[in-house]
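See structure below.
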């Protein structure tokens, strides 16, 4: 498979995982930026993520217009993806979803959604709440045009996640694997925080230092990250679509090293190379 | 399929979706008004919705009497449907169910059930609570005759949903697809509100303007609405029963137009025509 | 099938339903009194209810001793069943289980477990909490002998359900169908009450008159009751074991009559007759 | 099967049960000490527990180093297992997992996690919370070296479970069956306590005497314990891997005796002998 084929294959897997992990249902979507043309991105046509195959993927420019003569119905809210890809050149993948357990945190400012569990660290220290009404007044709450997508991206800023009041969330990440991971653990972190609050006493959040340490150590193709991707894909029935590294994975007795390696672009490239 | 066949086919699908989405279990039911005779409606015989096929559907007059010589056991609470169809000529479909997560809101007036999430907007700004004891004193709580059905319909008024204290809810809508959608998202809206309340602070409900905007934009056969119907039906094992539009759906770059079109009867008819 | 065969067949179905509805897991059990000898009852050997077949059922005297030379390992807590059958001659079936969502109500007296939803009415107006420590001090909490079973039965009194502190519940009913129904709806009633309490305001319980009205109208072989039994059995994979009434069920336009009929033993017998 | 083969077979079963019971997902692991060499233990290679087969099991020394030339990628957090096996010579099996419902109790000191239900007694009267930040400052929260594993073991002390702040828990037990049981019932105990707290009033915990009584009566191969192991394994799809006692199990009319027998090593050995 070519690099692009591989990416679109992973986009199908991402759709299936998000459906199987109850992050999306009939609604919600995941996109990936074109690896060779940063002004374009890939996103499925208007279809429930659980049913998406390679043939359902469309290509868009950042203003949400389909590339070429593709006449299939796109997702109405593709402007979320375009807006974020435009504002954040380093972002490679975007998810928008309505995962139920995060909704309460977008309805009230009583308890800010912040990381409390290690797997939730990737949502970042701050999760802003975007309220479409602030700028656009009474709407149907959907991000239905370029201007609304840009406004959401502005609220997101340099954060990884923005909650959308009464609606859902948008997540931006450096890879498809990362954005899926973030989207799966975001509701878990929300539930842990919600319940901890009910137990009384002082809730201890992850410190900024802990969030930073986890972020530094993150690598999309580490053994640990790959384990979850493979697990989720298999549970979602697309385990056979997962392209595994073809080189044997060495036993690492010094996990600290791995974290450093992940920060070097060269090392990242090498890891990717193993996947073809 | 004829128009009527199509409708009864959709009634079977509606039953299966409600069962699969945990809105009904052995109890609860969905009805549709006869398209050619507003004084009649269709409702299955006394059977768990998960098992219902075309042959299980009976026809009733608005007083809950079976049409013709049908001797099969009907649902005891068919008077809910008759009462609402009688009081609300524009209503096409009715659901009665005991979906667990809405029950708490019918037991206490501590937190009114109102829309907080965009998919919950269709329940309407006000959800009255009907208490059968107010007029009928100590009963078994079931709506077991015409008078009780009429009293429930009176409490429902021009709203879309009425909670029934200690029992469940009744929903009335303009189409089967809409009443199913409302019934699926009602419990989700209830859970989001229940949890938000526990997070402390001020809970922001949808504004009246937002509810109105969503309602204006709603079309039972839009690409977005259809997506959920098809998704739910497929998950419920009756995806093959779904009659799809046979014309290709054009890519709409101006979603605002769609909302307007949906308000024109002609456009609606055209959409329906595609389904045969 | 003989009357006894039929009853033991239903006991197998009851086991499977309770397992599938998450009332029991590896632990918990259901028994039925011998129809011809009130001093004996049937209960499976020590096996998870999900696996139980006709051959796994043992016969016991009220002191928990196996009848005859049956050397198979019985449930340790069979004394719960013996104790209740001894104290309550009219009781035909008993369930003991640890259904998770009722446990909190046995741990605190902060909110008494009482019926709030119509399907919960059968638990009765009062649900006492039995604390084994009150009489037996520090034990392993299991009802491991005749004396403990009798003490639990004494606490149960004329009620339908007793919670067992830190352990679970015991339910006593007039038929297998009823005890299963009660065991399935008990946790649902508990959840509705637990959540309603969190919504603030005054929680409205079922009135004594409503509980009585529902109890009067109950018939184990009514169309409505049968519907749930058939539904649960089918979901549990034993739908084919259900022995259905072989006479066609007439359309009843006067449901009130049914309630009265159910109170006449003759009517009940006639209904049973239809099942062979 | 040899004794060792049997143990590794049980380790595979333990992995599958923990996955199926939602104690672990892609992350979390279970280990068992080498029966003939207390300085070694068995733990799978880095793979989701749901996929683990006999061939995936690796052997480690207590410092987390793979035995021999095994180059496969191990779990990063194997130091949890090594640390506990080193500090607690009587411990035979260890679990580390992130079971969601225990997480809140590690985030706040508002409600200590203690046994409230009989099946939760095995977690022990005291469950300390280990905060990696206390000694190691800002880390990625993972137990990534020998020193961190030893510090966790020190906090665990002579208890059965330690919560790990913002991360999960570690459990130590006398057998694989016991550590699995503890890990399955720990979240259930947590949920019961969390909900009881919301019902208001005074929550009654198990007394020390009750915890002791249950512990004295525990035997890993009793009929009751075996029932759950067999049940969980079957639900996890590995029921055929369970090696059952080949001698018929006698009907015990004196359950008190069983508890005593379990304390005698000879009796325990005899029970084990039946398993080959």
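Per-chain numbering from 1; labels A, B, C and D assigned in written order.
Definition applied: a residue touches a chain if its C-beta (ideal position, glycine included) is under 8 Å from a C-beta of that chain, and two chains touch if they have at least 3 such contacts.
None of the values given here were measured: they were computed from a predicted structure.
In the contact between chain A and chain B, the residue numbers used by both copies make up under half of all numbers at that interface.
Separating the CA-averaged centres of chain A and chain B is a span of 34 Å. Centre to centre, using the average C-alpha position, chain A and chain C are separated by 48 Å.
Multi-chain contact residues, meaning those touching two or more other chains, occur in chain B at positions 198. In terms of which chains touch, the assembly is arranged as a closed ring, every chain touching its two neighbours and no others. Chain pairs that touch one another, listed by label: A-B, A-D, B-C, C-D. Taken together, the chain C residues at the contact with chain D in this complex read 25-27, 46-48, 50-51, 64-66, 70-74, 76, 98, 100-101, 103-105, 107-111, 131, 133, 137-142, 144-145, 165-167, 194, 197-198. Note for the complex: chain B touches chain A at residues 116-119, 121, 188, 191-193, 195-196, 198-204, 206-207, 209-210, 212-214, 216-217, 223-224, 227-228, 230-232, 234-235, 248-253, 255-256, 259.
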